[in-house]
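Every chain is named by a letter (A, B, C and D) in the order it is written, and numbering of its residues begins at 1.
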Amino acid sequence: MQKYAVAVLGASGYSGAELLRLLAGHSQLEATFLGAHDAAGSLVGEVFPHLAPFAHRRYEPLDALDLSSVQAAFLALPAGMSSTIAPRLVEGGLRVVDLAGDFRLPASAYPEWYGFSHPAPAWLDRAVYGLPELFRKEVAEASLVANPGCYPTPVLLGLAPLLSAGLVEPHAIVVDGKSGISGAGKKPTHRSHFAALDGSVQAYRVGRHQHTPEMEHGLALATGTRATVTFVPHLVPAVRGVVTTAYARLAEGSSLADLREALTQAYAGEPFVRVVPQGEVPDPKRVAGTNVCELGVGVDAHARTAVVMGALDNLGKGAAGQALQNLNLMLGLEETLGLPTVGVYP
Amino acid sequence: MQKYAVAVLGASGYSGAELLRLLAGHSQLEATFLGAHDAAGSLVGEVFPHLAPFAHRRYEPLDALDLSSVQAAFLALPAGMSSTIAPRLVEGGLRVVDLAGDFRLPASAYPEWYGFSHPAPAWLDRAVYGLPELFRKEVAEASLVANPGCYPTPVLLGLAPLLSAGLVEPHAIVVDGKSGISGAGKKPTHRSHFAALDGSVQAYRVGRHQHTPEMEHGLALATGTRATVTFVPHLVPAVRGVVTTAYARLAEGSSLADLREALTQAYAGEPFVRVVPQGEVPDPKRVAGTNVCELGVGVDAHARTAVVMGALDNLGKGAAGQALQNLNLMLGLEETLGLPTVGVYP
Amino acid sequence: MQKYAVAVLGASGYSGAELLRLLAGHSQLEATFLGAHDAAGSLVGEVFPHLAPFAHRRYEPLDALDLSSVQAAFLALPAGMSSTIAPRLVEGGLRVVDLAGDFRLPASAYPEWYGFSHPAPAWLDRAVYGLPELFRKEVAEASLVANPGCYPTPVLLGLAPLLSAGLVEPHAIVVDGKSGISGAGKKPTHRSHFAALDGSVQAYRVGRHQHTPEMEHGLALATGTRATVTFVPHLVPAVRGVVTTAYARLAEGSSLADLREALTQAYAGEPFVRVVPQGEVPDPKRVAGTNVCELGVGVDAHARTAVVMGALDNLGKGAAGQALQNLNLMLGLEETLGLPTVGVYP
Amino acid sequence: MQKYAVAVLGASGYSGAELLRLLAGHSQLEATFLGAHDAAGSLVGEVFPHLAPFAHRRYEPLDALDLSSVQAAFLALPAGMSSTIAPRLVEGGLRVVDLAGDFRLPASAYPEWYGFSHPAPAWLDRAVYGLPELFRKEVAEASLVANPGCYPTPVLLGLAPLLSAGLVEPHAIVVDGKSGISGAGKKPTHRSHFAALDGSVQAYRVGRHQHTPEMEHGLALATGTRATVTFVPHLVPAVRGVVTTAYARLAEGSSLADLREALTQAYAGEPFVRVVPQGEVPDPKRVAGTNVCELGVGVDAHARTAVVMGALDNLGKGAAGQALQNLNLMLGLEETLGLPTVGVYP
């Protein structure tokens, strides 16, 4: 059987490398073009020695891509770059999954949260927000998918069914996030220095992280409800893994049993969402290397607060894994192809 | 000059070891009695080889303490044990600092949050809640001090001045905590196994951690306001360090500048509280081994939420350090004696 | 196509769990019996939540295995136990791979290095030492395979070609090993406590580790040369991963180029051995979750010492991965079936 | 009492910061000049927020030092820089401790091992190798001290007494080193990125680390014996801490008891060297933040190899701590002043 040829633009970063790892084990997709900016010209084996199947392949400049040579493309580029590239690819007939935030929000949100005016606002309506468990049908029909952020994914998966069922209040939701350092990319910085991060836990972008409007926008898309979210992410001394803890006011009359029932029903049969047993909590370590998101829920009875927890691998279900899940759907392939579900544990 | 003789009951745990480390460098206190339960009879050097000055000292059974031989005692015992011991020590004339939770709450709270009925409820009124920056005068006059918990310490230091000034609302406060594993003690468990914790972030005791009522009670003591707190702690892959992120609704008309001003004024001149510069955040790594608590504050303008952050070493300002600060006050010594302020960084 | 039914005895430990993870992705083997000792009766999902495909399977007592129901068995049991079980399984017609050390050494070595007299010494001759790259033909014909230890695997792969070619001296070889904690098993101990291991590096079993005679015996098997090895392993703050650094005297006239040439030729075409480029060194992080062993070599010219380095995942090529590679060979399947080669990095 | 005024040149690196931390607690030294290169002009509090006592001090350019304003200087500068600066300082009357390698070797060794020709070879004879336990008298009389490297310190302390007593052979000594990342400095690199180092163990500078000739030279100085050392250091996922494992052939007739006796006698009464009990091994975690070096010894009887282990904090006894110990001696102060001996554990 012939494979689909796929381009990976931004293949020299962590998300790009994870895409290559997954594509190496995919039976119907083949990474035929590996594009990079700074690394163009280098061998993959020099940048990522673990990617043995690609060791002797060379990164090519992004603009060397011949649109007629591939059927699809992943864009794993810095924010602001894919919005200048994606339209041309889609017009050239490619299915495109953008892992950056360039197509996730309404145009009006970009100046404040991303710091740039969107260069192709007309395309925002054509892009589908690629959270398959909530928008599977739309993804399957899309040419351009905005792959969700690592923090919004577990938050939306956890809160959407509860909001839709009216079990929690949409006002004054608080989301506290914790992430390993791989989400910040491969470039060495003072923050990512082992000596600085080991033993450290630090909040960052307090009150101004770009995933805040994405959560609000995603909740509106999924539930029709306008929610207000305060979001503070924290960097913890780990490599992979995101944990989100969302706090929402319990609606009058709703109970822990109701919350659990809503989540369990929403994700029955979903291969990549696992609601943990009552009394247990999600753990990103268990889903390292996979496309699985774990969800859990608890209640603080004395304050009438619902606590909705999620965990995933930020490079898996939080980026490359979910992107591949989206492309599988867009190309009419089996949704689970090439996507691990058993974590490398411990 | 003669030193005060001090007993450490529970000297074979992590908090006990930290007390010994600090006492080894204290010019006016001497640890003359090292009591332990399971470790009684062992050499300190076998249990904690790093405590070289005590290497050849032997742990004694807890009941071997001769009350006439010491002037003060630290109790670093499991919850529920110090409430059966402390009264006798105080009646014997000792100044006592209890590092457990046995004297921190009203009697009515113990069955629900600690799982036992308080054996000496009359003593709860005689105990002073030992957060010196908020209750310095009371501590100095106390015979029995309840040393605060590691999570409540930064939360109370951060929120009390803001609540007192009416800058944030007391309702629906959310506190998200992150802690290293040393707070869970020295006993090996599946949870504390390196292979299980490395790469993991897990919430625990969701909605039922005993520090929840302590935060509410402490805020009431310090500000006269009845606050409602939802608290969820998380275990992160670190050894020392607690970070708390508290979310409270901004009062009408208050601004980030107001919050910063309130905190800065409240702790001007305090040797052990450091308000970090605007735009920066607390980091427990910077205060490892010290008695310092870092505080920071931010605002999510779009949701009108104040974000009040704190960081400390859970064995330092979160346990042994603060206990020593309390005893210094109780004995009329200089408050800062023997307490490091420069962290072992990186 | 029908799958072979396989028993995993000792499926509740880390090696057993890794076997299950690999078997879940194997197209021709099926884990039909999951045996355990202490965990018998428990659900797999309670012990290892990451093993979702087995979540509702229950561990059975070891002696509940019906020999007629399976064609092969992995023994991932404590040292001393498989030698009492394996003979019966082989006589019952099963292909058996023993992950413990029970069949790796001559009978005379067991009292000194393992602390027990071998209960079935006659079987030691029937067992094949399962390092496929060195003994592939013997493994393919074996009914009982002794799966090598995690430290000996990279040491033998690295030194055997050099010794065979006479490029290094067999006398006074020094092997310094470093391992993550997962090699010590799942049981919580003071040594495996996160607070004790983080920031620590400690030698253990200095001069008396049971892998010492295994290295010497393996080198004799592979090269016919009697070598003397001093081996000291160290525990480092990591989960997976073994690194070995072997020091041997350079033979007169041999050069770094000779060493590299010998290794490169020996493993040309081997899917699971990767000789790193000149000037680079092996890194276990790159092979986490895989069955790959990386090898590298250097020379200290001023002292005429060859430095032969190896790295692998102790649960992969150092245990479960290699065991599966052996069973593939024993059953006449493709050797690489179900064995990952691209590490989960970073 | 008046304090000595001390300059720290290179105060914006990790060793410089550790010097400042120690000086902040020193009763007779005061850091009056904080020199830096790139950081000149910055506030200390911006670079190292943990150094609260220096927060409002500003780094000055290195050449702004007025020699008449200080009595001593620490040089914590990159290799090759202090040899151009130190002579002028000594001639200006200062006691100088150089933490780099510029004065540790004979002139002939610099081109090969450090990559530069020594600019002031005449000064090499005037510099004293500052390992106080071996050369205390010389240090006390010196104006210029070459502070030893982090790896040579435990190796020399461990091997010198054994070589002097003829208990081990000087030929073909192998030293395997393991170090945390802080030894590589504060500058972010791909190697120091948390995502790259966590889970990794890598050898580096195989056969060409500059501490190799320092070990050989130091052994010759201390014992009069010409030894040959093969040294390979490894980077492990830790922040502070160096462990060295030295392998030497046991001399005919010598036993483990002899080795232990030699070490124990050599360091009886030494405040900063701790020979661990028989059967135990050194652990750098226990000495984090201190000036202590732990030593241990074992024997591989079957190969007649002595295994001599050492552990220290590379920023403590491996750099800043030892530098301060040296300066205390040079100024005639109590040797232990300002030097912690109880580690921050766990």
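FYI, a contact is a pair of C-beta atoms (placed from the backbone, for glycine too) under 8 Å apart; a residue touches a chain by one contact, two chains touch by 3 or more.
As the structure is a computational prediction, the values presented were derived from the model and not from experiment.
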(request) Identify the chains in contact with subunit A as well as subunit D, in label order. (result) B, C
(message) Measuring between Cα centroids, what's the chain most distant from subunit D?
(response) A
(message) Counting C-beta pairs in contact, which chain pair has more, A-B or B-D?
(response) A-B
(message) Quick check: how many Å separate the C-alpha centres of subunit B and subunit D?
(response) 36
(request) Just give me the whole-number Å value for how far the CA centre of subunit A lies from that of subunit B. (result) 38
(request) Name the residues of subunit D that each touch 2 or more other chains. (result) 14, 180, 182, 195, 198-199, 237-240, 283, 285, 288, 346
(message) Applying the document's contact rule, which stretches of subunit D touch subunit C when the two form their complex?
(response) 172, 174, 176, 178, 180, 195-196, 198-204, 206-208, 212, 228-232, 234, 236-241, 243, 245, 247, 249, 281-285, 288, 296, 298-303, 305, 307, 309, 311, 346
(message) Touching residues of subunit D toward subunit B in the complex: what are they?
(response) 14, 17, 21, 24-25, 48-53, 182, 239-240, 274, 276, 280, 283, 285-289, 292, 340-346
(request) In the complex, go through subunit B and note every residue touching subunit C. (result) 14, 180-182, 186, 188-190, 192-195, 197-199, 237-239
